[in-house]
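To keep things simple, chains are lettered A, B, C and D as they appear, and every chain counts its residues starting from 1.
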Amino acid sequence: MATITMDTLGKVYTGDVRAVSDVSIDIADGEMIVLVGPSGCGKSTLLRMVAGLETITEGTLQIGDRVVNQLEPAERDIAMVFQNYALYPHMTVFNNLAYGLKNRSFKRAEIDRRVREAAEMLEIGKFLDRKPRQLSGGQRQRVAMGRALVREPAAFLFDEPLSNLDAKLRVQMRVEIRQLQKRLRTTALYVTHDQLEALTMADRLVVLNGGRIEQIGTPMEVYSRPATTFVAGFIGSPAMNMLPAAWLRTKLPAEALAHLPVKADLIGIRPEDLSLSPARDGQISLDGTLLLLEPAGAESHLHLRFDGHDAMVIARLPHVPQVTEGHTLTLSLAREALHPFDSASGQRVA
Amino acid sequence: MATITMDTLGKVYTGDVRAVSDVSIDIADGEMIVLVGPSGCGKSTLLRMVAGLETITEGTLQIGDRVVNQLEPAERDIAMVFQNYALYPHMTVFNNLAYGLKNRSFKRAEIDRRVREAAEMLEIGKFLDRKPRQLSGGQRQRVAMGRALVREPAAFLFDEPLSNLDAKLRVQMRVEIRQLQKRLRTTALYVTHDQLEALTMADRLVVLNGGRIEQIGTPMEVYSRPATTFVAGFIGSPAMNMLPAAWLRTKLPAEALAHLPVKADLIGIRPEDLSLSPARDGQISLDGTLLLLEPAGAESHLHLRFDGHDAMVIARLPHVPQVTEGHTLTLSLAREALHPFDSASGQRVA
Amino acid sequence: MVDNNRWGNLLAHLVLIAGVTIVVFPVYVAIIASTHPPGTFVRGVMPLLPGPNAWDNYMTVISEGRSRAGTPPVAGMMWNSFVMAMAITIGKLSISILSAFAIVYFRFRFRIFFFWVIFLTLMLPVEVRIVPTFQVVADLGMLNSFAGLSIPLIASATATFLFRQFFMTVPEELMEAARVDGAGPMKFFKDILLPLSITNIAALFVIMFIYGWNQYLWPLLITTDPEYFTIVMGIQRMVTGGDSEPLWHLVMATVTLAALPPILVILFMQRLFVKGLTETEK
Amino acid sequence: MVDNNRWGNLLAHLVLIAGVTIVVFPVYVAIIASTHPPGTFVRGVMPLLPGPNAWDNYMTVISEGRSRAGTPPVAGMMWNSFVMAMAITIGKLSISILSAFAIVYFRFRFRIFFFWVIFLTLMLPVEVRIVPTFQVVADLGMLNSFAGLSIPLIASATATFLFRQFFMTVPEELMEAARVDGAGPMKFFKDILLPLSITNIAALFVIMFIYGWNQYLWPLLITTDPEYFTIVMGIQRMVTGGDSEPLWHLVMATVTLAALPPILVILFMQRLFVKGLTETEK
């Protein structure tokens, strides 16, 4: 249990390839921070810098009150869960869990106690004598978790630990990891490219793009007030619709956009803020042609095209409406549901 | 364009390993059928039997009005899009598209016309001279689509074509494939393990499990009236909660379950049918302890535990409620939202 | 896989039958010939059925040898060959697995340079090195010794390459997990890499043993004392050594005996070996 | 990768320097020796700096040879070696790529049997086959011919294995896509598999060429006519053939010349070859 303090961390590879720039994050003791971003955004590199698997070329990294820039991974008091689990294929589950403790010269009885305790907690007690290849994907995932647990480290580092599981197991392990982390109150840094995983697991999430931080905040903050167009497009599925303000003005009464700053030339609308019910007071409405209706069980996605705007707009409804593809629909939304952005800087302007 | 008729198709490998049993599906001209199921359910084997890449050991397969059991894949007038695209790595995009036409001795001018037309349609015209390794994942996917298009086949076969794409591209290609298929009115058979893909793309979907058909129907039919517990658990995310009727009876007034058949010893409840608002007339209510609140942007998932029932129950709300983990909440739901199943047979009983 | 394809099937069979015939027929002839009395070959006929003299011929070569051609009994030569082959095999395996480990897992100056030097030696004809190497060995007084027989043959670019290729397929995360688990490079090598390489080591053991066993030119140069003659040299001397026509029945018996140890090594290592070669089953 | 690890670094350097020395030093000695006048070696000294006679020595071996040891000029022997090496290489490549194709892509009766037969021949010492093979070749009247020199060396289990391993890595979907695209097995082989194997073919071409070039025992058995002598035989004759002490300066010049064609083949194929060997870069 410890805080992790990243102060203007950066990583430049030989040949001036820059992977991470100017990242400062203070992780509180017991907090779970999720790093999220598309592939190549530097999130894994950042995690590996914290782990000590990549050298830090700029800034300082503190775990607890020690600066650990120069320390080997084993000396940083962290444990890591790898994307492909990285279990030692020739060792039994017991030895996989025990290997890190053996290397640290723990007593045999202590090793045995810790391994059994972790196995108990993760319900892999009956697999201790098996080899990893005899386990299912979910069980391997638990063993990888267990290898991190037995060490009782100051912080857990997770590198997309769920990406090799199927959808159902992913939901289940997501909940288990989160509950375990809350119970143990261990500081955790979690990397994922999946925005749903990020929203549901994080105390705070950090959206990365091109090696830089786009936004840090709680899931609700990030979702309801995305700081940049990148975050707006990345967090939320289906993604936020982006409409040019100039085009919107031609479609709407003048006062509809009056409350937005003049700099706002790009307007974001979340698909679930659009509705088929008639516009009430303070709401605005738009007409569009329905191109495709996608039913999705409890909800449905409507793909619409508006006159004079060449991209599709997606609306998400909590039911499957009785509408016909090819017809024109009127959509309504609240004025407060408009997210104003400056397209030049990509920043939110209000 | 043609119908595809599967009549009691089966596949037994040497050594009596049975992959597919007794599958009968009539696919109408221009219809899009999605085969969905967990890995190992036989959905890919079935698709490959239709393609001619696996021999058919039982039943008959008709494409149009020809029985094609014994025909080579090339003679069946089908085109297939493979999961890993299976582009020829040493050929340019143009030659990848043209290869099937060349082997069928098309005139050079005709090949050129068709390739350019397909490339136009898929917006890969400017990549025609590139090799596949110079393309991004989405572009490769389009080339794989193009290779199927140029052939103008009677049917498209898709083997999880989107599983190698990231979430954003997957949504985009899903919409494009569906629109293209609707426009060309080509019969299509589409395999996926993703229930959302299945729900949104299918005219009708076929849920497979252990090589057998569990249910055939439109997405709405399958979602709102799952025929078996397997379908109930597989379609929908988060999955349907399953509660023992005996336990429910101890929690509810006697008349709450009176409308259900006595055989119904397992009751399914969709997470979105549970609500935090007070029970109205004709609704029933349940008390549970909140273990974990997962905010997910526009919605949230509540993981609850009920007294005397050891599995977790998930509720899905269209907002993020102000509740505290560890507290007790009262959930309400309509009686009509109960899905009755017989646990012995796994069948729906009403 | 293609099934139900008749002419492809036929072609495949023809190609394979041709290949098998080229290889297997001479082996059959050799074994048959070793069972015939001396007279058979003088007539210039190649027999295709076993003869009656198997026991006599084999006892002769094992215990007596052919003194006229200066060949000692086969037993001693087999032992020499065995010692030489084992020394070469173990030496080659140790050097090359360590070199491959250094090349794959360490980033150091001149890494690429070393890589290319090793690579080029793979390409140099043995003959380019053999004569000067002889000079060096002679100067060091290692003629007529097991050290002289084996040490110069130990450097192996091929094995280094094969181990390098295998190490490349070991996921890098294993090394990283070991680092996080507090294992240094040598501990990683000992605890993780070596156990994982066991099938590859077995496969290379077999190949290297056969390579060592079959060495011909080098033992010929380096040994003048019959006490250090190897079995392959013995065969060559029996064929070309004497003034008379070679005694083919004895030659063939020796040849058949010489083939036994490699076959025994294969059988002994079979399970591991096959696993090592065919691990990537389709 | 490990970086910043001092003692691991040191160890890696030591292992590699040892390896390189064992291999490179004799080559250096050979080249140096080929530039000295005849007298140098009689004194029993190994020179370490170039001498003045390079031009004379090389002209002598190229145009005259050493008549006393029955060795023809080097130029002709180089040509013979080249023809033999090319015939072996092309033959081996054709047979083994077809065999591997048959084994990997066709499901037929006795497939496993053929596989094992080929596998076992990989293990048989060459010496087991060489004498009976000689009988067969002699009976067919192929002594002293290029056919006799190359055909018996063409069967290659190793190359078959390597191609098989490569074909295993080609995704099966490519073959299926080709089937859907209307390509039969041979069309698939020609249009898809062959172009994809090009780097592997180049790598094996180099290795096989060197193997063929370095053949020693077989040409020695099969040729009595100096017109068909190969360069490796020439070297051996120069060393062991005459009654006097070998003329080391001429031997070394010949050795150096003999190393050139393999090196030229490597340079020529370099780009493809390196790609073929190192494709799985970490």
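Annotations
Keep this in mind: contacts are C-beta pairs under 8 Å (C-beta built on N, C-alpha and C of every residue); 3 or more make two chains touch, one makes a residue touch a chain.
Since this is a predicted model, take the numbers as computed values, not measurements.
Among the remaining chains, none touches chain A as well as chain C.
Highest C-beta contact pair count among chain pairs: C-D.
Distance from the chain A centre to the chain D centre is 56 Å, each centre being the mean of its Cα atoms.
Each chain gets one centre point, the mean of its Cα atoms, and the points for chain A and chain B are 25 Å apart.
Annotation: 16 Å between the Cα-based centres of chain C and chain D.
Multi-chain contact residues of chain D, defined as those touching 2 or more other chains: 3. Contacts with at least two other chains are made by no residue of chain A. Because contacts link each chain to exactly two others and close back on themselves, their graph is best described as a ring.
Interface note: chains touch in the pairs A-B, A-C, B-D, C-D.
On the side of chain B, the complex with chain D involves touching residues 51-53, 72-74, 78-80, 82-84, 86-90, 99-100, 103-104, 147. Across the interface of their complex, chain D is touched by residues 1-3, 5, 8-9, 11-13, 15-16, 19-20, 22-27, 29-30, 33, 46, 95, 98-99, 102-108, 114, 117-118, 120-121, 123-129, 131-133, 135-136, 139, 152, 154-155, 157, 160-161, 165, 168-169, 172, 175, 184-186, 206, 210, 213-214, 216-217, 232, 235-236, 239, 248, 251-252, 255-256, 258-259, 262-263, 266, 277, 280-282 of chain C. Of all residues in chain C, those touching chain A in their complex are 171, 173-174, 176-183, 187, 191-192, 195-196. Residues 38-39, 166-168, 171, 175, 178-179, 193-196, 199-201, 219-220, 223, 235-239, 270, 272, 291-292, 294-298, 301, 303, 312, 316, 318, 320 of chain A are the ones that touch chain B when the two sit in their complex.
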